[in-house]
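Got some structures for you, see below.
Each of the next two complexes has chain A plus one other chain: chain B in the first, chain C in the second.
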Partner chain A sequence: MKIETRNKLVGLAFVGLWFVGFLLFWAFPLIFSLYMSFNDVTIQTDRLLFEFAGLEQYQRALFMDAEIPNVFLLFTASSLIVVPVIVVFALIMAILLNQKFPGRGLARAVFFLPVVLTSGNLINELTNHEQGSLNFLQSATVTNLVTALPDTWALAVGNVLNSFLMVLWYSGVQMLLLIAGMQSINPSVYEAAKIDGANDWASLWLITLPGIAPFIFIAVIYTVVDQFTAPFNPIIDVIIRHFLSPQTGYGYASAIAWLYFGIILLILGFVTLIFRKPLGLK
Partner chain B sequence: MLKKYIKTSIIVLILTAIAAIFMLPVVYIVSTAFKPLSELFLYPPRFFVQNPTLQNFNDFMQAADISIVPFSRYLFNSFIVTVFGVAIALFLSSTCAYAFSKMEFPGKKWLFDMVVISLMFAPEAVVITRFLIISQLGIVNTYFGHILPQVAVPVGVFLMKQFMDQIPISLCESAKLEGATDFDVFWRIILPNVMPAVGTVMIIVFQGVWGDTTTSALFMTDESMRTLPYFVSTLTAGLNATIARQGAAAAAGLIMFLPNFLIFAVMQKSMIQTMVNSGIK
Partner chain C sequence: MKILKFFVIYFLLVVFALLYLQPVLYMVSLSFKSFADVIDPTTRWIPNYPTLGNIEYAVGQMAIMPMFLAARSTWDNLMTSTLFVSLLTTIPPALVQIVTCAVAGYAFGRCTFPFKRTMLVMLVLTYVVPPQTIFIPLAWLNSQMGFLNSPMAFVAPALFGHGLNGGLFVIIYMQFFRKIPKELEEAALIDGANPFSVFAKIIFPLAKPAMVVVFLFSLVWHWNETFLTGIFYTRIATLSTQITRVNIPPQEQLQTMLPTVMASALLFVAPVLVVYVFAQRFFTESIERTGVVE
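What follows is the complex of A and B.
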């Protein structure tokens, strides 16, 4: 056997097992839901009945259902604010946590704690009890500021402020990624820069940030995905409701899911475009 | 020297302030578990418990006593599902990420694009099809039904591949010249260098599997095959939503949180420290 053929087979072997599971529980369900979105699906006692409906479900979601475009717009607008806020916050925290100071180990532990907290049940418990919002949001200045903006954005900004604590809690994994990125930079680079007369600020911009660009990119992608698939997400609520509703059913719910998916894809495309240059992608 | 001292104190000060905010939810969970009923229903809710009591834990024990299936069974199921689910998911996603990062095989780019795409799809939207597949495979009411849907985690492969991409391929090639097999390279060179990713993925997967109620609710019809989070979620649902059960649920919240906390306490150290001075770049 030629060595290249052997290498290819070994590669496939490493991917293989995982991929079987992936095909069964991700790829196939995804394609199947795309198929359902072009059909009217009715549930019989022993099977599902499909009736081809073309783009009807999509038209209904976009032009006839008043709820869908609204929820989409609102959520996308607030995500466009939340995602940069989370990443920048995580970046600042990562820079701070990467400094040498007494109690660093403890501090890091505290800041990764949100990662274990953001599992669905706990977050729900907390938001039910209003711990996710802060009292200062009711103060006059903030209210005035928000009402000065156009409606959709005012609502979006309001949502963001309301979920201020949630923003902090959703930055755990990103901090971890960024710290790992910073530690992959060789310390001798900093020493060399120092000898050449660079101060901390200069080495932050010229060494650290370019060095961790791939990790910032991952952090942004992770944040987008995390936000758009979070359990408290209003759009997912809508999707589940339509899945369970006898009037609208699987077909309609799948169509909404795919529309939603299209939006996420657009946003991620946009993110990749921004990062094309620092990452040296073509 | 003084300047450095001031800088350090400012950092510590800022971090302490933010850390205090971060710790609020933990304090809240612990404090809520010890609240007597009168305080649980207080509006507006108080943050700290005034008259701590163990009554909620008693209520929880009683609820566990009269459940259809013994409490220990739920716990045992959760244990099996979590241990195997996390172990298999970690092994499969790291080997898969290794192949994507360091090997050449037909369809590689196309397959990885699929992984990234499925990353963006909410699992809720594919749950119906998963049910069809689970029942076709005939693994309803088995541990496989719990574990298999959870082991192919796209986010695990994605994160690990991005970390492995940072390791130069020349390192793997020189190891192979010295006679290391592909698995040796993966096990002895790649894995130790991506421990932060392994730790992160482990925590993410653990949370997903440990807290999951959908596999129990949808793929299990036999009550004795269901898991602890499902039992906890039934405490306050439907006919069980009595006032006393609210207390039991508050106690259950703390009990469910503890393993999360433990795994975190164990993993976070290795997550942060192994990357230091590994000298691969």
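What follows is the complex of A and C.
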């Protein structure tokens, strides 16, 4: 047997189990739910009945359901604000925690804590009791500023401000990613820049940030996915409600779920477009 | 100049740390406050009359202890404990993922096989698809296999290198294996070892830093999961879904509701916090060594 064929067989053996799992736990459910979204699904005691409905479910969700376009717009708008806020905050923290100073270990331990505590129910409980909001944000100036914006954005900005602290709680993993990125830059580059007369501020902009561009990209992707699957997401509530409702059922819930997945893909595509240049992609 | 820099760093860190920790400290403080402390506006952080009553009440409401009925089997009795269900939902899938995700990560990081690029796209896809899009078919699949109300609903996908955030773990391993020098495998292969024992005896044991990261993340994320556990578990429940249950207080305790809610939240995070205190050194250090994602 040729060595190449042999290598390929070995590779297939290693990836085989994963691929079977992919078919079972991803491909099949995706196709099944896409199929359901084009059907009216009725639940019998022991099986499901499908009645082809074409694009009806999607039309209903987009044009006839008063709730869905609003929830989608509002959530998309707030995540377009939240995602940059989280990533920029994580970046600032990562730069701070990457400096050499006494007590760095302790500081890192404190700031990585959100990685383990980010549980939806816990955060809901803490925010419900107004520990998540900053008092100064409720002051008159901010409210005036917010009301000057168009409705959807005003509501979205309001949501973000109200949960400012909780925004910070979603930046733990991103900090880890960015610090890992900073560690991957060769220290001799900094030394060379220093000899050439660059100060810390210049090295930050000219060496660190370009060097960790791929990590920033991954942090943004992670944040988008994380925000969209976070338990406080109102879209999830809508999906579950229709999933449990006897009037609308699985077909409608699946159609909403696919619209929701479509929005995530759109945003991820948009992010990739922005990062095309710094990452050197074509 | 250096002193100024330290000053700025410490100042920012302390401010942010206070903001960060405030909700946690609030939770801890309120959990031990008695009724007298709650209504007393001068008592802010440290209760004057600390009590364990909130914790005791929360333990009962969250069904942490198993309810023993003679008519049920020992296993069914144990499954009435939310703590037991949480542990079963957390530890076995995490242990399985350490191994299976490493195998897949090795395939993607080091092997060649047909359609590798397409499969890489699929790998990223598994991370991007929200569970909300596929939960109905998954629930159906689990009901067909008899995995509803059983931790197998989480162990089964893990056995194939998937499961909760499995895609992310495969990517972490993939990045790690890419960095290991090729000579290690080649030397062993020339000596006549087969590729599978090379992986099992040489490559996999090298991946300890990646294993630590995967195991800890997996533990935490399974422990915190509420969406899928809420769908797959109808007769049993995990701790994470119990916090909100404490919200319904008995009439005479209406005023002291908040402390019991916080006590339940504290009980829920306590195990994770304990793990974190012991493991945070690995957590923070091994991230650097694995480089996580590049």
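The rule is simple: the second predicted complex is superposed on the first by the 281 of 282 C-alpha atoms of A that agree within 3 Å, B and C clash if a C-alpha of one lies under 4 Å from a C-alpha of the other, contacts with A are read in each partner's own complex, and residues count from 1 in each chain.
The criterion applied here is as follows: a contact is a pair of C-beta atoms (placed from the backbone, for glycine too) under 8 Å apart; a residue touches a chain by one contact, two chains touch by 3 or more.
The shown structure was predicted, so the numbers you read here are calculated from the model rather than taken from an experiment.
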Using the superposition on chain A, tell me whether chain B and chain C clash or fit.
clash
Contact-wise, after the overlay, does A:L244 reach chain B, chain C, both or neither (first, second, both, neither)?
neither
Touching A:L273 in the superposition: chain B (first), chain C (second), both, neither?
neither
In the superposed arrangement, which partner chain does A:K8 touch: chain B (first), chain C (second), both, or neither?
both
First (chain B), second (chain C), both or neither: which does A:I185 touch?
first
Applying the touch criterion given at the start, work out whether A:V88 contacts chain B, chain C, both or neither, answering first, second, both or neither.
neither
Tell me the contact category for A:G21 with respect to chain B and chain C: first, second, both or neither.
both
In the overlay, answer first, second, both or neither for which of chain B and chain C A:R108 touches.
both
Touching A:L206, do we find chain B (first), chain C (second), both, or neither?
neither
Which positions of chain A sit in both the chain B and the chain C interface?
7-8, 10-12, 14-15, 17-19, 21-22, 24-26, 28-30, 32-33, 93, 96, 99, 101, 105, 107-122, 125-126, 129, 131, 165, 168-169, 176-177, 179-180, 183-184, 214-215, 218, 225, 228-229, 236, 239, 243, 250, 253-254, 257, 260-261, 264-265, 268
Residues of chain B touching chain A in their complex?
8, 11-12, 14-15, 18-19, 21-26, 28-29, 32, 44-45, 47, 92-93, 95-96, 98-100, 103-106, 108, 111, 114-115, 117-130, 133, 137, 148-149, 151-152, 154-155, 157-159, 162-163, 165-166, 182, 186, 196-197, 200, 203-204, 207-208, 210-211, 229, 232-233, 253, 256-257, 260-261, 263-265, 268-269, 271-272, 275-281
So, in the complex, the side of chain C touching chain A is made of residues 5-6, 9-10, 12-13, 16-17, 19-24, 26-27, 100, 103-104, 106-108, 111-114, 116, 119, 122, 125-134, 136-138, 140-141, 157, 159-162, 170, 195-196, 199, 217, 220, 223-224, 226-227, 240-241, 243-244, 258, 261-262, 265, 268-269, 272-273, 275-276, 280-281, 283-284, 287-288, 290-294
Chain C partner, complex, touching residues on chain A are 7-8, 10-15, 17-22, 24-26, 28-30, 32-33, 36, 48, 92-93, 96, 99, 101, 105, 107-122, 124-126, 129, 131-132, 165, 168-169, 176-177, 179-181, 183-184, 200, 214-215, 218, 225, 228-229, 231, 235-236, 239, 243, 250, 253-254, 257-258, 260-261, 264-265, 268
Help me check something: in the complex, which residues belonging to chain A touch chain B?
7-12, 14-15, 17-19, 21-22, 24-30, 32-33, 93, 96-97, 99-103, 105, 107-122, 125-126, 129-131, 165, 168-169, 173, 176-177, 179-180, 183-187, 214-215, 218, 221-222, 224-225, 228-229, 233, 236, 239-240, 243, 250, 253-254, 257, 260-261, 264-265, 268
